[in-house]
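Read from first to last, the chains carry the letters A, B and C; within each, the first residue is number 1.
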Amino acid sequence: MVALPAGRGRRPRRPSAREAGTALLFVLPFLLLFIVFRFGPAIAGAVLGFTDYTIGGEAGFVGLDNFRRLVEDSTFWSALRVTVIFTALSVPLSMIASLAMAVLTRRMFRGVKLFRSIFFLPVVTSLVLAGVVFTWVFSEGGPWSQAMGALGLPAGSWLADSVLVIPALVLVSVWSRFGYGMLILLARMQDIPAELEEAALTDGASAWQRFRYVTLPQMRPALFFVAIIETTVSFQAFDTIYVMTGGGPVRSSYTLVYMLYDQGFKYFDLGYASAVGVALFVLTIIVALIQRLTLGREK
Amino acid sequence: MTDTLAPPAAVTPDPPVPPRRRSRPYRPGQPSLVAKIVRTGLLLLGAVVTLFPFYAMVVLSFKPAGPVTFPDSLLPWPFSTEAYDQVVGAKSVLRWMWNTVIYSVVSVVGVLLFASMAGYAFAKKRFPGKEAMFWSFLAMLMVPYHVTMIPTFIIISELNGVDTYWGMIVPTLANAQAVFLMRQFIASLPDSLFEAARLDGCSEWRVYVSIVLPLIKPIMATLGVFVFLWHWNDFLWPLIVGQSLDMRTLTTGIASLQQENVPLNMLLAGSVVAFVPIFMAYLIGQRYFTEGVSTTGIKG
Amino acid sequence: MRVQKSLSAIAVALVAALAAGGCGGSDSGGSDKKSVTMWIYPVIADEAKHRAYWDETITAFKAKHPDTEVKVEIFPWANRDQALATAIAGNKGPDVVYLIPDQLPKYARNIEPVDAYLDDAAKSDYHENVIKSVSIDGKMMGAPVLTSSQPLTCNKKVFEAVGQQTYPSSWNDLLAMAPAFKAKGFDITSYPGDIKNTLNLTFYPLLWQAGGDVFSADGKSVAFDGDAGRKALGLVKQLVDGGYTEKSLITTQPPVEQTRLAQNKVGCVWHSPTSELEKFWGKENIKVLPPLTETKSVAYGTVGSLSMLKGAQDKKAAGEWIAFVSGAEQAKKYDLSSNFFSAKKSAGALYTSDPVLGEMEKFVSTTTPGPLHEKARDVQGVLAPEIQAALLGKKSVDQALSDAAKAANQLLG
């Protein structure tokens, strides 16, 4: 997805000034909006990380103090660990669910469109609402706990257990996100020339073999795109955690974004909060680069 | 919350000449009956798991205030509309709905317009700085929302946009993911079309209006529904920018009716009320992307 | 590339200038009419009633100050700090805002002392503890309009069901009664330990009752790790370990009606407002008692006050509005409509005929809203998880408190 457009035969000539000019005109409105409302605030946010800015106070430059404090802050490292574990669990699970549902809804049989729209529904549901409902689902007398009890697995509220709370939150995250990945992967799947699979079929390949050796490799760019987006979203998970656990029990669901929120809007220490934000940003970039190296090789 | 995304729906690239042929639907190796049953079973399971929270949400909102037990509370009785009376009875609901409609609809138009223009440029044109711009769009997605919230608000307030429609709408138009998706979609349109148009002497704007726009209708519909839904659900930004009562949206307005400890049924009722209109929009628009688009092909 | 680079450079410079240049300089009014904007929250549960109250109040105010326009915006409770803080940062805050003591230290830099705007009679009419609860460095940072009190409230029905004739007045009573409650399937009390809850409502009352305090006298270090703190946390731990309180509440916060409290399975609590309890217990079952005693008998009580922001357009007009709304007569109306108590001595008892509210009202003058320390919230942020750890058995009481104290003292510098 991050490749240059895969046109049929790239023309090696350089763009004429006129062509570049009109192209820039098309990009201009979005670019301006982006610079003013995304790029600018992001830079401002990063700059704030080097200040001791509090609400309504002045922003005094303090150099690396916030970052030094961050490194010595055990809450930060705990939040980092929680964030990484949460993402490491939810992204693959979400992608597997997306892939599975994409495969299952690939063919045009009767009712497939209904299934697709059902699976997409959670994606457009407010996370706060999802959090409220799932708090009940995972509560002591709720359906999940009852089901777990019946299966002999730990019953009792998973949200109150410092080990099981992350899996519970991961499940909510997967529920709310898998439909999105499903549609992207589905669209890509339908892009794969049917001839390739037919050729494999005539060669005697089973469905699984066709999937593994023809379909999956073809889907690499889409998988990469989904991986990056899901990771970015996962790293910034906040609304559901806020509603469901408040970061507990005992900080076991306290993510970096939660720390950012607390520092910024509970303690009003925006300088420090921005430092956390910078750390989160750097983390996301690093992971994205890793994903690019492993998954994102362009065709 | 970061900007939410709409899925791309790529068109099956047709060979250059002749272009008009429906792409073939996936058909190799029809599944056996067993496979079909397994498939249906899994899909039904998935559907139940996906829909269960929605069912719970609706059923529990039509209950009188009180403890929720499982499984009894999941039955539609005792039935009570007391939670809804409070929410719908609020006299400003219409005003809130109007504000939300404006916020959502205008944003959708803006996002679709600017994202398609930019997406077209990224997909089919060459210009300096293209790669750098692209990567910076992606990188900015990774900045947490709470960090940019205050600087964005400061900018809007310096421009005197607080408590105005445009102040609420404009920052949300910088939707990078929309650009990504437009770009991906447009990139798979055959270059030959553009060649032909240019040879015919069309201006770039005409190419955009007469060729690109009609062809990207499916992705516009998909993205449109998605952006609409996200704006409709948005709470924090309208809360911050829309300070006066006149500018409340459905989400913030309903929240202003609630006490600090909101009973479950009222919480859910408020959410359902906000959700119903968008659910309608969803039903209307979802057919565009659930069709998977590849069956639409390129129309002349 | 060059075009894009220079554009970005300009944008960055612009934004940096905006952000760093500070938020100084309020909007120049320029108009003859004076205006006051106030932000309030759903203090009165019924929105229509709330709106009507303010419309009436504005009309009454205008009769005395015809050249002042007043606008009252009712904001949701949810995310109010985010909305307010952002507005202040962007210089778009209101002139007057409703704050509780917990918020005052955080906004201290942004609000004006109101002493100058209230006349002496008004100030001396306030209860002593009420003035203390809104004062920082001896200056009143808000004009109180309502108070609440949270002594001990017990469920008569539950006590009857257990066959308990007397009500607890001390910690020992509580512990002594607990097994009997458990035997009949009830909890003697409940302890909401979710980090989202303020410790002012849950843990601190116990700390105070044991004679302790959160901060040391000079405010430079914490004091909750002393004997009193250990006793207080020890009490809760005993309740948890003995199975006398709902375990899941230590870490999660379901909506109230989902808890055993609402199902009439809990004997006594000190953290739930009676407006909630009424719904589930029935008003006739609420028994109001003095707060539990260990060394002292102390309860939490909040104070709602109106503060003036430093960025207020017309401070004189805002001051007049504040003085008017917080005046004895006007505030009394508000208190009665919202079922809160008065902050003023002259109001007397507002609820003499009400068995529940009338009883609770008696304790108003002995309540405290918690420490008004700048880092009070931060300290809660490190103490609450440690309390959870102790209650869940992951750490000993001593360990938890000393870890919390260590982290808290670091925050205090």
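Rule of thumb we're sticking to: a residue touches a chain if its C-beta (ideal position, glycine included) is under 8 Å from a C-beta of that chain, and two chains touch if they have at least 3 such contacts.
Keep in mind that what you see is a predicted model, and the values were worked out from it rather than measured.
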Most distant chain from chain B by Cα centroid: C
Pair of chains ranked first by number of touching C-beta pairs: A-B
Geometric centre distance via CA averages, chain C-chain B, whole Å: 39
Between chain A and chain C, centroid-to-centroid distance (C-alpha), Å: 36
Distance between chain centroids, defined by C-alpha means - chain A, chain B (Å): 16
Of all residues in chain A, the ones touching two or more other chains: 24, 31, 36, 39-41, 44, 48, 136, 265, 270
Shared interface positions of chain B, touching two or more other chains: 68, 128, 133, 150-151, 155, 235, 264, 267
Junction residues of chain C, two or more chains touched: 3-4, 15, 18-19, 23, 82, 85, 89, 258
Touching residues (chain side chain B, partner chain A) in the complex: 1-2, 4-5, 7-13, 16, 24-29, 31, 35-36, 39, 42-43, 46-47, 49-54, 56-57, 60, 68-71, 74, 113-115, 117-118, 120-128, 130-131, 133-148, 150-152, 155, 170-171, 173-174, 176-177, 179-180, 183-184, 187-188, 190-191, 204, 208, 225-226, 229-230, 233, 235, 251, 264, 267-268, 271, 274-275, 278, 282-283, 286-287, 289-295
Of chain A, residues touching chain C in the complex: 24, 31-32, 35-36, 39-41, 43-44, 47-48, 51, 54-59, 74-75, 135-136, 139-140, 156-157, 159-160, 162, 244-251, 262, 265-268, 270
Chain C-facing residues of chain B, complex: 65-68, 90-91, 128-129, 132-133, 149-151, 153-158, 162, 235-236, 239-240, 243-245, 252, 255-264, 267
Contact footprint of chain A on chain C as seen in their complex: 3-4, 7-8, 11-12, 14-16, 18-20, 22-23, 81-82, 85, 88-89, 106-107, 109-110, 194-196, 247-248, 250-254, 258, 310, 375, 377-378, 381-382, 385-386, 388-389, 392, 394, 407
In the complex, chain C residues that touch chain B: 1-5, 15, 18-19, 23, 42, 45, 47-48, 71, 73-79, 82-83, 85-87, 89-92, 94, 255-259, 262-263, 276, 279
